[in-house]
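Look at the two complexes coming up: chain A is in both, with chain B in one and chain C in the other.
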Partner chain A sequence: MKRLRFNQQEIVFAVFAVLFLAFSIFLRGFLTPENMLTLLQNVAVLGILGLAMAIVVIGRGIDISLIAALAVPPGLVLQMVQNGHSLPASLLTAVLLTIAFGLVNGWLIAYAEVPSLFATLATGLLLAGLGQAALFQLDVVQWSDGMKGFERLGQGTILGIPTSIVMFAIACVVVAFLLRQTRWGAYIYAIGDNPYAARVTGIPSRPIIVLQYVVAALIGCFAGLVMAASVNSMPTRVFNSTLIYDVILVVVLGGIGLSGGRGGVLNVIIGTLLIGTMLNGMTIMDISYAGQNLVKGVVLLLAVITDSFLNPRNEETAQQGDI
Partner chain B sequence: MKYAVRTAKVIAAALGLAAIAAPALAQQGLDEPFQKPFKESLAGKTVAYVPVAMNFDLTEGWYAGMKKELEPFGVKFEIRDPNWNTNAGAQAVTSLISEKPAVMVIHNPDVQTYAKLLQRAENEGIYVIQINMGSAYRSSAFVGANWIEIGEKDTEAVVKACQGKSNKIAVVQGALSAAASAYTLKGVENVLAKHPEIKVVSSQAADWDAAKAKAITQTVLKQNPDLCGIVGFWDGMDIGTAAAVKEAGLTGKVFVATSGGGERKGACELVKSGAFDLNLSYDVPTQAAQMAGTIKWLLSSGAKAGSIKGSEYTTLIPITKENADSQTACWNLSDLKK
Partner chain C sequence: MSDTVLSLRKATKLYAGVPAIEGVDFDLRRGEIHALVGENGAGKSTLTKVMAGVVTLTSGSMTVDGSDVAPRTPLEARNLGIAMVFQENSLVPTMTVAQNLFLGQEKFYNRLRGIYIAAQQFLQSLNFDVTPTATVSGLGAAKKQMVEIARAVLHKAKVIIFDEPTASLTPEEKKYFFDLVRDLKKRGVSIVFISHALEEALLLADRITVLRDGKHVITDDAAKFDRAAIVQAMVGRDLSNTLYGARKASVRPAGARVLTVQNLKMAPMVKNNSLSVFAGQITGVFGLVGAGRTETFKIVSGVLKRDFFHGGEILLHDKPVRYRVPAPAVKAGIAYVTEDRKVEGFFETASIARNIYLGLLSKFPGGRMMLSRRETNTVGKSWIQRLKVRAIGDEAKVVELSGGNQQKVVIAKSLVQEPELIIFDEPTRGVDVGAIVEIHELINQLADEGKAVVVISSYLPEIMALSDRILVSRQGKVVEEFSALEATEEKIMYAAIH
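Moving on to the complex of A and B:
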């Protein structure tokens, strides 16, 4: 007899659907095309970051330094332009810095074999500290005249759709292509599923791990540029915020297990949609800050509890590092 | 009578002496008796500065301004930068108490955390100057903005701009734990109590975060496209608020009032571009000069720490389109650092 079973992705999708339906019925002004676009726009940057995190998590790692990659290289672009450098030169410098940062992360994890949690915790602090101490004059790096035109990356619309949503969509397509259509993507899944087996079968696992962190850092930098363009400044202090937890939340909630090897872009989209719907609905209802945290906590707990109830842990597949 | 004559003679003699002596003195120069003790009371003294974090316009501006005023007198400056971490700040204050600087300049993260520590510091003979955000303990001096006044003035401006319009406004608060945000909100409430016709459609905390402020404002504007004004609590965060207004194509239609330290890029430039309609500036260089003046006065007074207590609330500069172009309305950090 076949029992009805749900996986986390379906549960989260169900929670999302219920919430969405409830808001649509009971909340005036929720189910309008404009509000739907706003909803997506507000979580676009979070979604892009979620994609970066997904790549790393699927390869059985975690990248805590993502927010540093979001804040520092884009901040550097704004600062350099403010100091009179040209936009292309500043962008190039930032991209090189990001790649170097990803390489350091990857080297530490793949070759020095430092656990990813600790390696990226340390490198994130290092990069954020470097930014504060040496690169930026102020915490909030302001837009300057030399950046003119670049704000279109995060503001305005393309064919009626806010640009940041388009950017999220582009990032989704690119990452989906990388993960599903290329050999490297397949390798990432293989390494995440079983790193030892992957190595035995001849997959160049160390270079692939380095690649993951470089790609994640680059996506993080891209998210930062979209964010800076959208608020006309780079508040580099975002590194001290709890944004990284939201990113991990999007990924895990969407159903990408922290034990690696599972999930994909669709999971990130679902996780992002759930968070976006909750935030948007509560903002419309003008719920207090404490109330919002309470609701967020309860919904997430419910999703996780339901999941562990419907999908009890299997001793055979449980791995060290499972959360 | 005899006595009076004698007194008169003495006075005459004294005057005569003075008449002879005065030109001689003028040639030799006159010693001003108070400057030497003043210099001695400052030289070699340590001033410890504990802001909530360095690296933003306010704290950098205060530091640069105080340093410029006091270092020529041989005052030593020490910064303890807790980088937004309240615990680290409390530890810094605690360790400073045992190091006994002459003065502590304290920027409180909230009303309670440092209060007891600051009292202990003054009992130990350290002058405590609290800046911009005070604590529950009243120390020798407070130099800073009056947040309630800021809330009131910003709201009054928004209410005025709303006359004859929808009367719907939104409030974008800072972080809930911050005293500055709570005080400003009180100011907002004070004005709204007098204007029952105004409807607050949204009053949410954006954690001093521009991205959050933008997200909240976008949603609010979609629900209430006829919104007539927004009271924001800090210009660094309200860049996001203004970006949302601009994206909705409502610049000029929605009155955005905010406040900040008056740094040129963060204040005047944004008022000029139309992002903000009003930015109340607590002019950081003036505040820094007042802090330095207070330090000079306290050190040279010789008063016992905590025996005298006073406040210097900042006179606000309202920055609007009219004065945003002027040289004096805003300041540049780079100039202050020179």
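Moving on to the complex of A and C:
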């Protein structure tokens, strides 16, 4: 006899369905085409960030510095164009900055063996501080004429679908391909499953860990460009917001175990949908910012507890200070 | 009997149905020094753990001073007057000596000065030269042991059990320790100690008990033993009765020299180790726990981290090599099959086929940027068949398999890399009987194919059954080499014991 068991993916999807249904019935103005579009647009950036986080979490790490990668390099693009540089040159500079940032993260974690939580906490602060102190003239970097045309990355529609959602979809396809179809993806899962076995097997663990953080930073930068394009500016103070908690919420709630080696793009999509619905519903209900944080906190706590029940960390291969 | 302080009758302890000790009778007299000796896995540790309340008996009885007891925790044993000094000592490194002494006995408010004075007086009464205000982490191994002993005496222990007390001591410290133990004996304390060093047992103990395969072999006055008699009692097993089959009638000749290790050093486990491994034969490496066998071969295969490497030379096909991570060693044709498959053996969330495919990918990444589902399946299937891995299906997760099948997957993951030098570290630990035979067949087959095979094992029958050439390791280096034809269990054990 087969025992009736749901995996986390199915549970979260069921919660999402129930929540969506309840909001549709009880919440006036929820199930309208306009609101659905807003909902999806709002979560697109969150979803892209979730993909970046998913890559490192599957590799048994965490990247707290994602929001810095979201804010600073795209902010630099806007600032440089404002200062009269050409758009391609600015983009190239930003991408190089992002890669360098990812390399620093990866080197600290893979070679200097600093726990990912602390390494990225520090580097994120550093990059954000660098941006605010040396790169940007104002907290909100404004759109300028030289950026003309670039706003299409976040505004308008492609074949009737809002562009930001298309961008999320593209990022999903790229990350899914990387994780499921390439050798590197297989290595990331292996390292997350058992880093010691990965090492002994002869997997080049350290270069792959560096790769994870570089790719995560690049995806974070991409999310920032989409975000900047959709609001025609880069509010660099986003670094001080609680956005990183939402990203972790998406990943954990979606069912990517923090113990590594599990989950994939589908989990990010499910997590994003659930969080998007929740946030949108709370906004329509006019719950205050503080109240929303309270709800998010409780949900994150529940998700983390459920995660450690469903995916207990293997004590023998866990190390102190890792996440 | 009044002069027996502690006794065990028909003591049996099962771990997951497997007996660690079986029907052991043991008596400890008041004020005697009693040595426990035996091979790895003979049940010495389990026996002492039962006395110290760390594990409870499955069946059998234990009496202290004539009354039946069954301590379930170390605290209960301590209240009965039994204290154990573990190999890894149980002191809090960041606290001072005095704080450690009174740990667990603190009052609600402790005046540090009061504790220090009490500790000072107590240590002086024992003639222990330890400063009570010193932090434990700064003490040497011998002083730490003194603190442990002092704590046991402070708790009014009648019985003090030592697990390998001299393993980490220098010769002078050892002498001091012996004096200490004799002094404790004069105070009427009974001492049990486990030792791999037979000379010490002969020198220090009043009586010696020998265990073998979880059973009691002999207990007698130390004066009636000599080294040879103890070794005989330790290994006196009839080989035809073991699972491993009889020893070989002929040995494979040595092929080309594949690996040479010269004067390898790594503190504290490997001391000036030199050895060679040849193609087309099985080199068995025997030694007791702590002989530096695993460490030596982990350095060879790049598994141990670079900062532990202190000197010496490793030659692969007569070319000097030094691998700081396993990846280049794997590329060079070295495979290390770990002794601890759960920690560094397999990927538990991945299927059997994926585990094996990962091994293939990391050795031969060329042209495999994309994963191939078909290749995963064919590679997985062929190895599952070849190694007779028994699973519900190829997609079964490794974590759901039995120990023997897990081990086969770990081996397959290495063999798919087509190594020339294969190092098996305790290849049949925690493996069921049927799988042991199959794994041994496989190891023999590899040597027949001309591969250089190393088998590290702490179990003599396994070494005897597999090896063409036997290296005996002791205290960080290979001390003796035998051809399988001339080796006997006694000779090997004699060389392995210090």
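The criterion applied here is as follows: the second predicted complex is superposed on the first by the 278 of 323 C-alpha atoms of A that agree within 3 Å, B and C clash if a C-alpha of one lies under 4 Å from a C-alpha of the other, contacts with A are read in each partner's own complex, and residues count from 1 in each chain.
We take it that a residue touches a chain if its C-beta (ideal position, glycine included) is under 8 Å from a C-beta of that chain, and two chains touch if they have at least 3 such contacts.
All of these numbers come straight from a predicted model, not from anything done at the bench.
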Would chain B and chain C fit next to each other on chain A once aligned, or clash?
fit
Touching A:76 in the superposition: chain B (first), chain C (second), both, neither?
neither
Counting residues of chain A in contact, which comes out ahead: chain B or chain C?
B
For the superposed three-chain arrangement, angle chain B-chain A-chain C (C-alpha centres, nearest 10 degrees) equals 130
According to the stated criteria, A:284 is in contact with first (chain B), second (chain C), both, or neither; which is it?
first
Given the touch rule stated above, what does A:185 touch, chain B (first), chain C (second), both, or neither?
second
Applying the document's definition of touch, where does A:48 land relative to chain B and chain C: first, second, both, or neither?
neither
So, A:201: does it touch chain B (first), chain C (second), both, or neither?
second
Does the superposition put A:165 against chain B (first), chain C (second), both, or neither?
neither
Report for A:269: first if it touches chain B alone, second if chain C alone, otherwise both or neither.
neither
Rounded to a whole Å, what is the shortest Cα gap between chain B and chain C in the overlaid structures?
34
Touching chain B and also chain C: which chain A residues?
none
Residue positions on chain A within touch of chain C in the complex are 180-183, 185-187, 189-190, 193-194, 196-206, 261-262, 314, 316-317
Over in the complex, which chain A residues touch chain B? Could you list them?
29, 32, 34-35, 38-39, 41-42, 45, 132, 136-140, 142, 144, 155-156, 162, 227, 230-233, 235, 237-238, 240-241, 279-280, 283-284, 286, 288-290
Residue ranges of chain B in contact with chain A within the complex
53, 55-57, 60, 83-84, 176, 201-205, 207, 209-211, 214-216, 218-220, 222-223, 236, 239-240, 242-243, 246-247, 265-266, 269, 333-334
Chain C residues touching chain A in their complex are 303, 325-327, 329-331, 336, 338, 342-350, 354, 357-359, 361-363, 365, 368-371, 413, 417
